[in-house]
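So that you can tell them apart, the chains are marked A, B, C, D and E in the order they are listed, and the count of residues begins at 1 in each.
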Amino acid sequence: MEVKQKGFAKKRSGIPDFVWLVISILLAFAFWKLLAVMPKTAMVFASPGQVVEAFFKEVKIGVMWDNIGISLFRVLAGFVLGFIVAIPVAFLMGWYKIFKNLVEPWIQFVRNIPPIAYIPLIIAGVGVDERAKVVVIFIATFLVMVVTIYQGVRNVDETLIKAARILGATNRDIFLKVVVPASTPFILVGMRLGLSAALTTLVAAEMTGASRGLGMMIMAAGQYFDMAVVLLGIVFIGIIGLIFEKMMKFLERRLTGWQETHVL
Amino acid sequence: GCSTGNAGSSTSSSQPEKLTKMRVAYMPNMGSASTLVTAIKMGYFKQEGIDVELVQFAKGPDEIAAMGSGNIDVSQIGHGAHTLAAKGQANIITIDDTSLADAVMGNKDKGINTISDLKGKTIGTSLGTSSQVILDLALASVGMTEKDVKVVQMDPSAAVTAMVTGNVDAVAIWSPSTITVKQKMGDKVVTLADNNTYKDQMQFPSSFVVTPTYASKNKDLLIHFTSALFKAMDYRSKPENIKTVADWVAAQIKQDPALIELGEGEGNWLTSKYVYDSVKDGTLKKIYENQQALFVTNKQLPAAVNVDNYVLYDNMKAAYEANNK
Amino acid sequence: MAGNSCTVKVKIDNVKKIYDGRNGEVVALNGVSFDIMENEFVCVVGPSGCGKSTLLNIIAGLGNPTSGKVYVDNKEVVGTGIERGVVFQQYALFPWLTVRKNVEFGLKLKKLKKQEITEITNRYLDMVDLREFAESYPKELSGGMKQRVAIARAYAVNPEVLLLDEPFGALDAQTRTQLQSELLETWEKEKKTCFFITHDVDEAIILSQRVVIMSARPGRVKEIVDVNIPYPRTQETKMTKEFLDLKNYIWSQVYQEYLEVRK
Amino acid sequence: MEVKQKGFAKKRSGIPDFVWLVISILLAFAFWKLLAVMPKTAMVFASPGQVVEAFFKEVKIGVMWDNIGISLFRVLAGFVLGFIVAIPVAFLMGWYKIFKNLVEPWIQFVRNIPPIAYIPLIIAGVGVDERAKVVVIFIATFLVMVVTIYQGVRNVDETLIKAARILGATNRDIFLKVVVPASTPFILVGMRLGLSAALTTLVAAEMTGASRGLGMMIMAAGQYFDMAVVLLGIVFIGIIGLIFEKMMKFLERRLTGWQETHVL
Amino acid sequence: MAGNSCTVKVKIDNVKKIYDGRNGEVVALNGVSFDIMENEFVCVVGPSGCGKSTLLNIIAGLGNPTSGKVYVDNKEVVGTGIERGVVFQQYALFPWLTVRKNVEFGLKLKKLKKQEITEITNRYLDMVDLREFAESYPKELSGGMKQRVAIARAYAVNPEVLLLDEPFGALDAQTRTQLQSELLETWEKEKKTCFFITHDVDEAIILSQRVVIMSARPGRVKEIVDVNIPYPRTQETKMTKEFLDLKNYIWSQVYQEYLEVRK
């Protein structure tokens, strides 16, 4: 009686990864084309051709790269800040019960509030310059990452912490040399979700008085029902997301070589 | 900001004086941006010794928030945000235009040809906007209320989608969404009511506002600012100029000029003379009073207040007189 | 030959440990008291689950006793200290570090010079025959190899008191013998105090000056047996009558405890 | 040389948890009061008193509970659907390389798109009834959860899978009896973030044509700058979030009793 | 007494295993071939890291050989099968299941009746003396107790071929002896085929009909030694000349390999 083993085995299918990616992209295009043709959705889905046209139009007006650049800056600045703050906060929450007791309810409360709902509050508090956008993205990414990384911190195998203590590790050492590497899988999901949160909050962030940016471009085009430009914005946000994901994959390979994984 | 102190030299553009910086909030559409953009393009602000920085917002409430925190000096607001003025949190330095943008539109294929046909139908609108008010007025004209139909909340762009895909039977929206609907649906769509239908009962002003504190500290500066606006309004009110204005707006908000030009008719482009006259004969007061009465009816405002508390007639008068002395 | 000085290095004073399990309370240790002298080698034997590891953890400062106290150098133990090193029963290697980095871990914390760290690490990697695998990750090692890394890591920081929890359990007899002599050698040379848990009575006698026999749950000290066989002890020692008598005696004592468990 | 042990020890401070919660809430109130008084933010932050007033006003009009109820339904329906779909998808991605290769790029792409940006697409595809709102929330929660749980699936200790296989487990058994329990910590973060995503997407979801709901209430009040009602909506969303979190905590205790955790 | 029938149960045919470590390739097994007869008891000894666990994994169907094949009942092994049970060197208990549920795991998969499951589980919990801890989680157990759970779990599903990787390594001598006799008893009664890895030469001889001595890396079969001592074997057997000769021989063979590793 033998059970065939599939998956979780390190076998790879013969077809290389990028071929699958191409297939996947082609399928997406076909699906898009279909949506752009079906009467029910044709109205809303500009066709790929129209989107390309819109792209060249935006490039010609000279705003395309500018929009992308400034949005990218906001997303990355907010994300990096969120990450830098989330790591120690998650750690302190895992470490000091008092800190956790004080901070957790706030985090729990704020993380459920729709960003669009607190835009006016941000504007009132921070203003309308670049800082405001970065702050909105910072809040969104921070919250996602702190929740994820905190779970990771709690999940660290206690025996490893014990082993480190025995070898003379201070709290700081244990944080940097045990807790952080041991919760790498959680930190990685946290970063992934953080980057997503940064991008999905972009539109909300650029409601805080922006004259440039992909989010603003989408919002403004939406007002004029210029679906080609809306889709253009979505496509670019998606592409930026895919690039982030590639970077994450790279980071992941570097950081978790020690792990026994099932699929590569 | 502080007052410029050279109130007399309003039209003299010769001296290269230090300009006073002002940050002004607007929204990316014809009705909200056109006066400001014209004043910049025509150099009217410079003539008044003012350097204006425009900041774009998606929604009126966000502008108010920015103004409250001191990040914005002046905001151009639409209908809904006027509640703030009534609540004493903002002062109106001048009216900008009155809206002709709103319309209630029905889908003929869903059997809607008259307002009465709306009974029991699904209508998409943005709650709390002037379009919803037009809808209410339209319903009232045939003895119905919102309870007789199904009103659903959506953004204008969502409403367009819902309308053209047949997911709602009617919409109460404003330009440019109205234009999109017409373009996409052609003669399948019928306009049941718009601002002109009820212009005697109700007009929807959009206005420039500042915080009361700012108003009291910068009286002179605001007169200069308003002067520039008036010049721009006069420029815009000339039919031969409107296309140019639309193109400037398009450039400012980085939109396709062709799209913006579609919105040339979405506002009643007032002249400074009209404003001056209506201040004097009380028409302006009436406009704001009607609007406030509506707020009270809809419980957006607890009780009526005196419009004179928040409309700065003197500012408008002074600005007009400075321009026409 | 190493011998005891008369100073008490570790004092275990009436230690009691109760775990709050899902299954109700488990009394793991009950009134355990004994002293370990400076530079003494003590082995602990007892049936599985009698509380040996629990006691070791408490001495290490990794678990608080429910009541009672442990003193090291006359100071109450309130946490870990690098004067006490531990080889854990379940290795506890850092999976994200290579073998070399695992061994270096404690040395780096000591802020030694780079060169010194490399030297010490190499010395201990050689001792456990893993120089070849220095750059491998724990997941790439066999069970016995992991155990050897854990040993090297604990030795490298050179603690005064070594607490070892069945450190040679996963090793073949030969490697085991070799590491036994290495351990005895360092113990003699560097005047360490050793607390060594084992299931192998031969090993206990070959290594230690005293064997602590623990009784079945709740863990108590049943008896402490002096091993008066002079060092160095060799394979031949195992053939002496003295050794065999001791072995039989200890075996029978543990056997009694074992029968106790089986009702 | 002894290192003081703090944290990760199961010690509890003498003060019981709920006292900390109360302190935390009081601090939040004080902070709110402050914001409502400071000139810079006073315009945006209605005071607690005004919010309470707004609450009674809404209750009197008879829409408050209705709004809460319908929003709660949308959030829960979207979340439950998202969860039910995310678990098998995450698992199949971990199991079948082909499935992963095909599905992952889509997920990567879509998860970065701001929900507000695809509202029109949803309306065109699904309409304006309850389904549309549930779909928006479903998408948001699904994406967050699938990313998290997939990481959990990849993270399962291979030896446990081996042990299960040896005992005769089929793929299905391994999924249900090994992968799911072993990735519980990730599933828990996923659920937490999923619930957050459901609530933060509520406003966007209710832009697809709602006549009731907290999101709609916030949006409509925002038009009139009725900040008391906006804050009322935020507070209720926050409270719902806190209740969810309490439920998650309960679930967590039931599901991870077997784990060695550091802080309780 | 159990004896070999003449049917080959497990055929190991020129198995080679190369791991792609970070450190370059590690040849863990090279050209390993031998047969295990039906109802035979084979022990495997060899220095740490020589490839014993690797071989066991391949027989279990948990790892593919780089080249070569393994047949069970003349069928090529392409995955696991419940006719082959494993006790893992590192226990591999399900941490989220209680002791009882861990043991029941395989039985439930077999879709046995509830009552039967409870009966079997209790039987094996009694065998390893853990009935008392049936409702505890693995984290609440000592090292030896965990190992015993792993043993009970593997026995409970009653596989034809038992693959055991140092199953008694963490147990005290007494429990070990007891579990040895239990194992021998089931083996005789239920005609099992056993493949048993151990470091304890005594244990290997007491249990098996043949002892496979493996050479140091790259793991090859150095020699297969027949143990012609009749069953039942007792503690007295360990005193016979036959036993001691065998023990010395095997020990010296492994010792050679051990020296090989140390260069």
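FYI, a contact is a pair of C-beta atoms (placed from the backbone, for glycine too) under 8 Å apart; a residue touches a chain by one contact, two chains touch by 3 or more.
Given the structure is predicted, the values throughout are model-derived calculations rather than measurements.
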Q: Treat touching chains as neighbours and tell me the shortest step distance from chain B to chain E.
A: 2
(Q) Using C-alpha centres only, name the chain that sits farthest from chain E. (A) B
Q. Which pairing of chains accounts for the highest number of C-beta contacts?
A. A-D
**Q.** Averaged-CA centre spacing for the pair chain C and chain B, given as whole angstrom
**A.** 82
Q. Distance-wise, how many Å sit between the C-alpha centres of chain B and chain D, to the nearest whole number?
A. 38
Q) Taking each chain's centre as its mean C-alpha position, how far apart are chain C and chain D in Å? A) 48
Q. Using CA atom averages as chain centres, what separation in Å is found between chain A and chain B?
A. 37
Q: Quick one: which residues in chain E touch 2 or more of the other chains?
A: 22, 61, 79-80, 82, 90, 137
Q | Overlap residues in chain B, where contacts from two or more other chains coincide | A | 59, 61, 64-65, 68-69, 155, 157, 160-161, 165
Q: Any chance you could list the residues of chain D touching two or more other chains?
A: 1, 3, 5, 40-41, 43-44, 120-121, 123-124, 159, 165, 168-170, 222, 257, 259-260
Q | Of all residues in chain A, those that touch chain D in their complex | A | 1, 3, 5-8, 11-13, 17, 20-21, 23-25, 27-28, 40-41, 43-45, 94-98, 100-106, 108-118, 120-121, 123-125, 143-144, 147-148, 151, 154-159, 161, 165, 168-171, 174, 185-186, 188-189, 192-193, 195-196, 199-204, 215, 218-219, 222, 227, 230, 233-234, 237-238, 240-242, 244-245, 259-263
**Q.** chain A-touching residues of chain C, taken from the complex the two chains share
**A.** 60-62, 79-80, 82, 84-86, 88, 90, 92-97, 105-106, 109-110, 137-139, 153-154, 157
Q.
If we count contacts the way the header does, which residues on chain B are in touch with chain A in the complex?
A. 25, 28-29, 54-59, 61-66, 68-69, 71-72, 155-157, 160-161, 164-165, 176-177, 180, 184, 253-256, 259
**Q.** For the chain E and chain C complex, residues of the former touching the latter
**A.** 19, 21-23, 26, 45-49, 52-53, 89-90, 98, 129, 132-133, 135-137, 140-145, 148, 165-166, 169-176, 178, 199-201, 251, 254-255, 258, 261-262
Q) Which of the residues in chain A come into contact with chain C in the complex? A) 159-160, 162-170, 173, 177-178, 181-182, 184, 256-260
